[in-house]
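Order of writing sets the labels: A, B, C, D, E, F, G and H. Residues in every chain begin at 1.
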Amino acid sequence: MSDFDNDFQIDWERERRTGIPEAVLCAFKSAAQIEAILKAAGEADRRLLFTRLEPSVFASLGEESRAALANYDPVSRTAWCGGTPAEPSIRPGIGIVAAGTSDLPVATEAARTLEFLGFQSPVIADVGVAGLWRLMRRLDDIRSYRVVIAVAGMEGALFSVLAGLTDAPVIAVPASVGYGVSAGGMAALHSALASCAPGILTVNIDNGFGAAVAAVKMINKM
Amino acid sequence: MSDFDNDFQIDWERERRTGIPEAVLCAFKSAAQIEAILKAAGEADRRLLFTRLEPSVFASLGEESRAALANYDPVSRTAWCGGTPAEPSIRPGIGIVAAGTSDLPVATEAARTLEFLGFQSPVIADVGVAGLWRLMRRLDDIRSYRVVIAVAGMEGALFSVLAGLTDAPVIAVPASVGYGVSAGGMAALHSALASCAPGILTVNIDNGFGAAVAAVKMINKM
Amino acid sequence: MSDFDNDFQIDWERERRTGIPEAVLCAFKSAAQIEAILKAAGEADRRLLFTRLEPSVFASLGEESRAALANYDPVSRTAWCGGTPAEPSIRPGIGIVAAGTSDLPVATEAARTLEFLGFQSPVIADVGVAGLWRLMRRLDDIRSYRVVIAVAGMEGALFSVLAGLTDAPVIAVPASVGYGVSAGGMAALHSALASCAPGILTVNIDNGFGAAVAAVKMINKM
Amino acid sequence: MSDFDNDFQIDWERERRTGIPEAVLCAFKSAAQIEAILKAAGEADRRLLFTRLEPSVFASLGEESRAALANYDPVSRTAWCGGTPAEPSIRPGIGIVAAGTSDLPVATEAARTLEFLGFQSPVIADVGVAGLWRLMRRLDDIRSYRVVIAVAGMEGALFSVLAGLTDAPVIAVPASVGYGVSAGGMAALHSALASCAPGILTVNIDNGFGAAVAAVKMINKM
Amino acid sequence: MSDFDNDFQIDWERERRTGIPEAVLCAFKSAAQIEAILKAAGEADRRLLFTRLEPSVFASLGEESRAALANYDPVSRTAWCGGTPAEPSIRPGIGIVAAGTSDLPVATEAARTLEFLGFQSPVIADVGVAGLWRLMRRLDDIRSYRVVIAVAGMEGALFSVLAGLTDAPVIAVPASVGYGVSAGGMAALHSALASCAPGILTVNIDNGFGAAVAAVKMINKM
Amino acid sequence: MSDFDNDFQIDWERERRTGIPEAVLCAFKSAAQIEAILKAAGEADRRLLFTRLEPSVFASLGEESRAALANYDPVSRTAWCGGTPAEPSIRPGIGIVAAGTSDLPVATEAARTLEFLGFQSPVIADVGVAGLWRLMRRLDDIRSYRVVIAVAGMEGALFSVLAGLTDAPVIAVPASVGYGVSAGGMAALHSALASCAPGILTVNIDNGFGAAVAAVKMINKM
Amino acid sequence: MSDFDNDFQIDWERERRTGIPEAVLCAFKSAAQIEAILKAAGEADRRLLFTRLEPSVFASLGEESRAALANYDPVSRTAWCGGTPAEPSIRPGIGIVAAGTSDLPVATEAARTLEFLGFQSPVIADVGVAGLWRLMRRLDDIRSYRVVIAVAGMEGALFSVLAGLTDAPVIAVPASVGYGVSAGGMAALHSALASCAPGILTVNIDNGFGAAVAAVKMINKM
Amino acid sequence: MSDFDNDFQIDWERERRTGIPEAVLCAFKSAAQIEAILKAAGEADRRLLFTRLEPSVFASLGEESRAALANYDPVSRTAWCGGTPAEPSIRPGIGIVAAGTSDLPVATEAARTLEFLGFQSPVIADVGVAGLWRLMRRLDDIRSYRVVIAVAGMEGALFSVLAGLTDAPVIAVPASVGYGVSAGGMAALHSALASCAPGILTVNIDNGFGAAVAAVKMINKM
């Protein structure tokens, strides 16, 4: 590898400016780049979240790196270094709703990001609208949150039904779960954006991380 | 106009083969072509349905033609010549559900096509899922039909909710009602096709006519 | 795996509401999730259909799971637990037509779903319109069904020709068979939706399961 | 007009369920439909917001209707009936930022919706990133809000720059301002969704109304 | 108008190089540009074909120009100056097939271009595959041509059926006739390109002119 | 494998109807299906062309099958059974032009198909327009053919330049050679269809087989 | 009109930062907004370029405004206030090439922008590659420029041919000239981006202004 | 491999015509084709650049070939034969800016191409706009170049910010770094083309090579 690739600049000041520390999207980075960033975080004694860290890439990291990222979770493909917020400071208020079991990787990316940021957020799963009673049964629970993150693939009808039933802001995370016209998550994304229920907010497909960050920004301002 | 454009061949035998008489899509035809077809139907003493007959085009037809199409309806943009089925032979069994008032042009195209084919089909309107109680209130009514035609634009979440609540086959008609990502009806179409509720059947965007024809084909075989 | 992923809720009441029991789309689920659902079905003593169960995933299931899904078929990638409907209760009335041998995985997904739901439905294959005589030769057979499921990829011209020749409703299943402009099945889907032959009903690309469910909903109401 | 089009059901309970009263998207409705809805609101003595009410449609309404919608604003194409919130109850906290003068119709739709909902929200215009100093000059002002609504067309770079500079949640409203690859607003939409600055939330293209509703839902929960 | 727009260079030598004289696509040209080109043709004593000459543009030309283009046909929107090939030199061999009456503007553009190039080519209309007997009835006629130009919009199934029934090369001209997924002619274009019947050749949507030119190039080499 | 997949119907009569024998697109077929078709061809004592037969699939066929397809060529991924046309009957007249070495798999698919159909057709390679002299140097050769098949990926500018320089019909085969906006061959396809040089005929992306069949249909009629 | 729309901030410092003064894209602005900006420029005694100023909008401006923009050109839809650079300071070095007469509105937008910025740039028109000799005849002229702006619609093959023949950088401006697959200019844009001739630089469709600005930035640094 | 694939024609004269020697895009070529081209370069005693040479393909080359391409760099996937320009002739003036570490493969392709062409061009990395201070800190450095190549994926906001801050021409290289709506690099491409900051020039997604060539063409003319 050439000498160009070590010239990275972690934005340590981001937390002060925006309330949220920087995170590392591993998807397009080499193992060597990830390890260099991890080492810099250690030297600066900073907490740092790693997302989209595929199991095969995690396995290819050196032993020391894997130890520093010991809380790695293969379903959400997330890990962080520098410790987890201690119990007393953990905050409530953000709920996560997932249409089906296939949406859990994205929903847990949101949950893990929230954990890293000091929030305890349960995932309410399998409430797709094809069986409306499943959603209705959990409605009181869902209505208790100040912000709701909703994850759905396929046609994303959950977003509209949910937003019509709760007074909390709903952050829609379209999931790349589907085939044919819904392959890649575009159908669910468009459902979230075009919903007849006003007040839905959308992030990129599969972006559980971004939904969690936005939810925390809201709570921080509340 | 050249001499090419009068060489049309109405498929009078279609009714015998498929159970449904031919109809004329006026959208891409000139007034002269429409009048020539209408005249041929009169000479053959046949009933013939005209769809997508814009008010301005209807107004440009000759007096005799307008008289032959006296039942013209500007909302659905439909008309037919040759008489309407008499009361005793009118059949029930097909219901039409429309998400909002903006979907009524498409929903009434279906209703008028059904009327031409001998069916009495009410339109249940304004049952969009942003206010779920509106749909629930009409559910017993909707469940009484053997086939349900559902019309929705925007994100088309109605299709999934409806199909999860009824045992009748649901024919989804995406409507070109929306803007941004739902402009043209593509988002609603993809929602119908990608629905997590199995058993939804889809026709082209704004194709109330096609939905009606398919519903009648079902009933004829029942 | 985290503890989020076991919070699934099978919609056992769906059959009562919609006439069709729930099924499990395996494509985006882990082997562990599939086995947990299978176990729940066993404990509830329920029949449950699994679709898009790839041979490699099936092979990775535990021995007990594979025994419970002993009727696994690798062409259609389907299996079910809880037994097959007994002979006397098996119903006719639904025919399946496939344009070419490449369409058989999708066509057999429909056939297997119908078998699970108590229908005996033959697959009439290799009747693509490039050799029209092949379709004509089978036309009497095709016309004998109350509902016809048609599977075609490439340009999907079969849908239009078929719908012009039969009075039964035609459910078009576009297949992801093709390359260039027809890669992924979008050209066949658009042909089904835009057909000049009215009365064609469409499901998502490769959705043989959905076509079968819709056909049964029709027959149940007939 | 047929008798179908009067069967509308205003969701008067929506405010109780979601904190936001229903509004009427006039874009796909006829003048007769709009007047009927307006009359129903008058009879129910309710406040009701009308969006996308084009000047030509407004001008075609009857005199009484125009009087009831006397606060009509042609730039934002909005009006409401039933009175405006009185001074003491007007709330602050939501700021609106517009990249250029071409984005003002969308930005004012948001501002007017907020006014209807009881908020006073200034529009900070002409802060596009091609001249970064314009944004920097207004940064203290922008940072004083608890929620920021940002409107931008073309390539939508404003969203990313803004989100990196403020700790408030940013709601991006892509505007259909542009030509070539940015015609229709899709490029700006994708910039908002794909931003490297985490925590941006997006609504549909030109949906100033939806952004305002979401912002109020946030504030209501704060 | 500035002085730039008169610097055109008609490619008079094209006929020698390619067998086909240059033609003028009027769609994106001003009336002044069209008149300047027409005048240049007159001065050079050349025959020149004008396509996509809308009736309103033709009407806005000066009297002298309209006289020079006296054979203007508003259905095909074509005209030419410099005379028509005399009877004895007119050649046969190219047939034109149109699926429906809506396809006649495109079909007649091909027929008129062929007339300009010295061919007599009949248009066989209304042979869409929804009523297959109409095509079968004309099959002997169609099979008598050395090249067949086929025009169809909607789903374009005609192309595949036709190519499976004749040994002549088939040039498919997708027509922008349709709505929803077939709006603009893209569905028909993809059907032509993806056909299961090999040997179909395609030109751009609505390009009756290009199809005629290609057919003549074939005949010239036969 | 179920019993459905052996119900194929080779269209042996296609040669009589269209002048071209049927061929087998192997891309979406299993090895078992290919072998069954090959066996049927052997029993019927027919020649049969196999296209898109990937090396790995060919290697997985049984020894007998591989012997029957001994002329397998891995670059074009083609093979045929039943013998090659003998020297005296081999016909000239069709030339193949390829923009670059990356286009050779598609160009050789055309050349091999032509060989199967009794034509000797050289491939003139590496004549992309970025170095126009390469094309000019071969122009006399290219102009000697009665039909020219041109293969190009990337932006496909070769098609326009070639069609402006020769009086033979040009069949454009867009190749899926490129990345970014030209990934998949769509940019080259659109260049062929939208060319300013009239008379270009297009087939699907990578469809060297279809181009060869169309060229032979032309020659057969010449 | 509300009071929001006058809060514009012209970036007068842009020229110092980037070498190019700000310009006003009129396409999405109201006449009132344009007049307000024009007045501000007058008060600041600044030169200011207006692009995409449609004739109908220009005609609707007040008399004073039209006088200030007396050099308005309806073909390029451009005007500027504050005077034109005097002869001695006018610079050469940038050439403009247009494929056809239909491309002249875009080509003259570039030429007029260059004139505003102090450059004399001729437009070499009608050199499309369908008649290659037209381009070759002008090649010495074209090769004399230090930067070449090339404008082409349809399939945009001109870009590749030109870039292979000159050592100057080529700025491609795709024009929205075409129909079917080239409608809107996307095919030409993709040809420019995917060209096999390296070194082509692209701007947005129809963006003659942007091409001129980029060319001047180059010259300024030379 | 057949005998077609050796008929390549390296355009050795390209350097004389365009100032830039030909290069070989390895992505769609076989190892045998690459080795044949390399051998021809050796025999002609020419320098030749190879791009998109994947590590696995490089490893599969013969020992002699690998020795001739000993300067192979796996990050940029580039190599060249025939020696590197000597120190005294190396030129400055072109700077490369990369938004993040994920963009380094594309940025180094540009840097390596420039090295091959005799330029020393540093890569300034990790200056994405989410942390604007990182870009500002390097602004003096960036402003010192005569041409700036900017590489960014995701939403590509860097292009607009950069172009508003420097007077050098900016060549934008969109990188295929992103997921969901930015997968493949299309969102970044559209941001570059639609930028509100005039004077940005764009090349194809991931085309670091093309950006370098264009930059050298500029410098050569300066």
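Following the convention adopted for this analysis, contacts are C-beta pairs under 8 Å (C-beta built on N, C-alpha and C of every residue); 3 or more make two chains touch, one makes a residue touch a chain.
Bear in mind the structure is a predicted one, so any value in this text is a computation, not a measurement.
*Asks:* Which chains contact both chain C and chain G?
*Replies:* In this structure, the chains that contact chain G and also chain C are E, F.
*Asks:* Starting at chain B, what is the smallest number of hops through touching chains needed to reach chain H?
*Replies:* 2
*Asks:* Can you grab the rotation angle between chain D and chain E? Superpose on CA, round to the nearest 5°.
*Replies:* That pair's rotation angle lands at 180 degrees.
*Asks:* Going by residue numbers, if over half of the contact pairs line up, that's a repeat, so tell me which of B-C, G-H or B-E repeats E-G.
*Replies:* The same interface as E-G is formed by B-E.
*Asks:* Let me spell it out: compute each chain's centre from its C-alpha atoms, then which one is farthest from chain C's centre?
*Replies:* Between chain C and every other chain, the largest centroid distance is to G.
*Asks:* Among all other chains, pick the one whose mean CA position is farthest from the mean CA position of chain D.
*Replies:* F
*Asks:* Would you mind pulling out the distance in Å between where the CA atoms of chain C average out and where those of chain D do?
*Replies:* 44
*Asks:* Where the centres are mean C-alpha positions, what is the separation of chain C from chain H, in Å?
*Replies:* Distance between chain centres: 48 Å.
*Asks:* Go ahead and note the Å separation of the Cα centroids belonging to chain A and chain C.
*Replies:* 34
*Asks:* Quick check on chain A: which residues sit in contact with 2+ other chains?
*Replies:* 14, 17, 100, 130-131, 163-165, 180-182, 186, 189, 193-194, 197-198, 204-205
*Asks:* Pairs of chains that touch, anyone?
*Replies:* Contacting pairs: A-B, A-C, A-D, A-H, B-C, B-D, B-E, C-E, C-F, D-G, D-H, E-F, E-G, F-G, F-H, G-H.
*Asks:* Show me the residue ranges of chain B that touch chain D in the complex, using the header's touch definition.
*Replies:* 73-76, 100-102, 104, 107-108, 111, 123-127, 130-131, 133-134, 153, 177, 179-183
*Asks:* Over in the complex, which chain B residues touch chain E? Could you list them?
*Replies:* On the chain B side, the touching residues are 1-2, 4-5, 7-9, 11, 13-14, 17, 22, 25, 27-29, 33, 37, 52, 174, 176, 184-186, 189, 204-207.
*Asks:* Quick check: in the complex, which residue numbers of chain B touch chain A?
*Replies:* Against chain A, the touching part of chain B is residues 99-100, 128-132, 154-157, 159-161, 163-165, 178, 180-182, 186-198.
*Asks:* Write out the stretch or stretches of chain F touching chain E in their complex.
*Replies:* It is residues 14, 17-20, 23, 146-147, 163-169, 171, 189, 193-194, 197-205, 209-210, 213-214, 216-218, 220-222 of chain F that touch chain E.
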